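Mind looking over this structure? Questions follow.
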Amino acid sequence: MNLFVIIKSLLAGLPNTVLILVISFLLSSIIGLLVMWISLQDDRVSRGVARLYTGLSRGTPPLLMLLLSYYELPKLLQFVGINAQDWSKNLFAIFGLAVGFGGYMGEVFRAAFESVDQSQFEAAYAVGMQRKDVLKEIILPQVFQIALPNIQNMFLDFLKASSLVYVIGISDMYRNATNLANVHQGVFQLQIFIVLGLIYWLITIFFEYLFKLYIKKNTYI
Amino acid sequence: MDFNFMINSFPKLLSVLPITLFISILGALLGLVLAVGVAIGREKRIPVLSPILSLLVSLFRGIPIIVQIYIVYYGLPRLLYYFVQHGKGSGLVLPSMLIGVVAFALNAAANLSESIRSAYHSVDRSQYDAAIAVGLTPYEAVKRIVFPQLVPNFIPNFSNIFLDLIKDTALVYNIGIIEVMGKANILASFGFNYLEAYLDALVIYLVVCFIFAKLLLILEAKIKQRVFA
Amino acid sequence: MALLQVDNLKKSFNNKTVLKGVNLQIDKGDVVAIIGPSGSGKTTFLKSINLLEQPDSGTLKLNDDQLDFSKVTPAEKLKIRRKIAMVFQNYALFKNKTALENITEGLIYGRNVSKDQATQRANKELAAVGLLDKQDFYPAQLSGGQQQRIGIARATALDPEIILFDEPTSALDPELVGTVVDDIDKLARNGQTMIVVTHLISFARRVANKVIFFEDGNVLAFGSPEDILDHPKNERIKQFLSAISKDH
Amino acid sequence: SQKSQSASKNHVQVINVAGVADDRPYTYSDGNKIGGYDGELFRKIDQALPQYKFKYSTTSQNSVFVGLESGKYDIASSGFWYSKQRAQKYLFSNPTGVADLRLVYRSDEKQITGFSDIAKRNLKLAPISSDDARYNFVEQYNKEHPKEKVNLQAIGDVTSGDALKQLQQKEFDAVFYPYQAFIGVKNAGGAKGLTVSKSVGVKNDYFIANKSDKNKQLVQAINKELKKLKASGYLNKLAKKWLGEDTFKLPGAEKNFANPKG
Amino acid sequence: MALLQVDNLKKSFNNKTVLKGVNLQIDKGDVVAIIGPSGSGKTTFLKSINLLEQPDSGTLKLNDDQLDFSKVTPAEKLKIRRKIAMVFQNYALFKNKTALENITEGLIYGRNVSKDQATQRANKELAAVGLLDKQDFYPAQLSGGQQQRIGIARATALDPEIILFDEPTSALDPELVGTVVDDIDKLARNGQTMIVVTHLISFARRVANKVIFFEDGNVLAFGSPEDILDHPKNERIKQFLSAISKDH
């Protein structure tokens, strides 16, 4: 089959893949920060909740995260009177991945938070700053910097999981690939999947490059 | 929801858990062996080999594992078939299991080699220097001083990668290996009880991951204690 | 009236009593040197004054403000902290802020000074420590001596009643100690009230008008530099001084 | 609101229809529509039922059922076959079509005419997706021929192209597929050196629906429509178009089609 | 004949020349103190002698062994290293070994001594530094001073021709410096040949019979302690000495 045809039809799924990848990743980062915050509380209940959530997040295959999000979440929402039946599939994919990986993100941030030098807090308090300013101005920027390599690794996990959104019928690159293979009864499956793999790889490289740029700009050398 | 089905299916799913564990454990172990080689090759900056390894690591990390599984599944036999095409005789049969394990091992090797490298770098350089300075050969220095210290650093990362591997085995039913997810699909397909079957599977994955996470945590503490008293 | 008065300050960490009821009284313009062996509680004492550690009991009076350590409120903490500045052993500059921002940060967020005014003030302080040209450098780009001088500028910019120094020179390369000591000496001569934990006896002699010897969570001796450093009566102090000056 | 919807006859009811995204020729994703035999049939039926409006989506096979069960979809299809177990859980429509099942093998080897050949000659049959009618078909065969059992293995989704490729590479000796799958691969150029047996059996396809009162009415309406479409010869045309032959003309096909469990 | 002779040692890191052609000659029993500003190449020089860093060019003679840095083989490296021992600034005790094992490690795997003999020898050395009771402690369980004394025991147990010390006291609490200095002084009086990088001028004066002043990758001066430390002719050395002794 014409290589051009393969590339063209795979790339048609690129917007969905990238959209889901990027937004779920950002959302998951926010959830991760929240989990970090909860897991750093003094009371046992909060820490227990954080740990439970992290455990669920670690033990659930992404495939199941997506299925549960798409089919079971609307039922939950129905309970509280929200009709989610017609919401876009992308929304559920994003939600599934973001929540599914939120526990991991929380761990990444917590580890980074704990490795920020204690003296940074002390110095900030000592110049009379309030807790919220200390966090916003001094600590979180450093948390991000320390966490970045791990966040970058997480990004690869997201990429991996985003290739599974086909299970809820989203036309991402992977779905387009299987679809294209199916048009020809799978005769060109290998070629198509090699091209698919290479496109994924290029996406990885592209985002790794963005990370590098960001790190370069935000390293307090 | 059909709770009867859930209860009846659960032991059937458990019966194939060994397959899930077999693939993930064997994949992890083979991957570990490969990863050590890759890490050494890259750290020693062996010309030609090192950049090739770096490219391979990047490829295996940057391509979703399900795509890798397919490529290995469809590509490997064809490659081998190509080589033996002229030699007649019985057909060349590669069991899916072998292919699954190979795909997982390669993927794990790429991720583990990065973890090994970072664990290696986390051991203070002066530890190696000191060992060299008392007259140990570089090999002995790494073996006796650096390696024991990098192991505890490595375990948390290993744990993450291993749990990912367990969960990713949920994808190999696509190439005909009947592990927990595959069995769930098959059991479900007779009566289309997919949701029930998947919830069963979820419980199994959660418990297995929980147990391994705990075991590795204990191992880490034990090793730390052994290494640093 | 004393500027700062600490009474019966007690502090323990998990059942280990680190400060056993410390009293201290400081007048405006005093420069107090604290010496004593490692682990005797010097750092904990400084942090307690600044409420970076929460003492278990005791009282503190700073000018007209009074507080009971055992029931201090967040508002009280902030109030005290905003009258006291601190310089740390390992500089503790904000790693994600430039030299200039390190100084303005406390002014803007701790003193509600406008950004312009803060920058102006920071520039003045940077000039005073001779590092105006380094204003846009991040801590990691500066030598230890430069970092510590910015740490001092960060403290003085706040116009604090008291500056606390915790071994301000002990992480420095020997050759860089001099400039930092000079900076602190200059502050002392300008009448800045200070408490300085240090192991440099000659430095204590040079800047301090009062010396405290800490031992095992207690003030073992309190007096003039001559009394404590030159004519120590206590055997423990004699032994300590001989150990630390033997090879310097 | 659901109650009021089903209560008023002149209100148009929305029905969520799901199809498997890559199961040609029965269903495939075609933009906002379902393509293929079942997709076209659904559209035809929708036109005839003014009280319903069908809304289509496509997703992967396993996901169709999770969705059906969760109520996200009302009715689904992709050449699904009947089983008692399934009938307990879902509503089945009347048959919608007939599949022609055949065995593919290497043309340079001895002819295969049926499963008994495979059993007797101890040949290797390619694993079959357990979601698929074929799996059950072989299972049934094994039940009926306990002395000539075929070695049956289950697998996940495998494209017919790949199965045939593995056949060429001698991983198996025979592949069990509907005729049209073989034709499709052949047309795509992937069936070199392979040939196909005569029909070894026929099997009905069905729509299946989530069990609810609303859907009972729906299925009744659909069944009525199916009857008309069969009578008018529409289904025969559809089979010719999508399955490569008029499968109703196969031996036993009509009889099987008349049986709502065949 | 000189015990150790280094000629024209050059070393650069990514185009930055750190050692610019250093020459040094040491006799048996010499104790050489190296002083000089931070970044001048002192550590790199020590590591080069021990081949922990690979110099770019130059030659080294140790007794009858001679080698050219630019083409040194692994076997030659090992041979030289096994005649030289080193004590590190941050102790660098093997964190995964007990105090005793830290000492036996080099004997067993670097010198092919039997385990029994190594243990015997290690016990002797531990006794010499007064830490026999700590033999089963891991480094993390020991104070800085104790760690460094084990670092010294680890070096002396190897019976090396030369021991290299890289600022052996600068990571220590001031009160702990004394014991380590005493240990090194004892070695000197026993005739152990040593090269000691240090910032403690009084210590250099006390143990060294030769002093080297390093500046920017070169030996700026080489002579007796009196010449270099008491009557420095070079302006740079005068300035350095006054900066580092001003406040000690």
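Every chain is named by a letter (A, B, C, D and E) in the order it is written, and numbering of its residues begins at 1.
One rule holds for everything that comes next: a contact is a pair of C-beta atoms (placed from the backbone, for glycine too) under 8 Å apart; a residue touches a chain by one contact, two chains touch by 3 or more.
If you're wondering where the values come from, they're calculated on a predicted model, not measured in any experiment.
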item	value
Starting at chain D, fewest touch steps before arriving at chain E	2
For chain A and chain D, chains touching each	B
Chain whose mean Cα position lies farthest from chain B	C
Separation of mean Cα positions, chain E and chain C [Å, integer]	36
Distance from the mean Cα position of chain E to that of chain B, given in whole angstrom	46
Multi-chain contact sites of chain C, meaning residues that touch two or more partners	none
Multi-partner residues of chain A (each touching 2 or more other chains)	67, 71, 189
Of all residues in chain B, the ones touching two or more other chains	74, 78, 195, 198
Which chain pairs touch, all of them	A-B, A-C, A-D, B-D, B-E, C-E
Residues of chain C that touch chain E when the two form their complex	37-38, 169-170, 173-178, 181, 199-200, 202-203, 206, 240, 243-244, 246-248
Chain A residues within the chain B interface of the complex	55-56, 58-64, 67-68, 71, 104, 156-157, 159-164, 174, 189-190, 193-194, 196-198, 200-201, 203-205
Touching residues on chain B, where the partner in the complex is chain E	124, 126-127, 129-138, 140, 144-145, 148-149, 227-229
Chain E residues touching chain B - in the complex, by the definition given at the top	47, 50, 52, 74, 78, 81-82, 84-86, 88, 90, 92-98, 105-106, 109-111, 137-138, 140-141, 154-155, 158
Complex interface listing, chain A residues touching chain C	117, 119-120, 122-130, 133, 137-138, 141-142, 145, 220-221
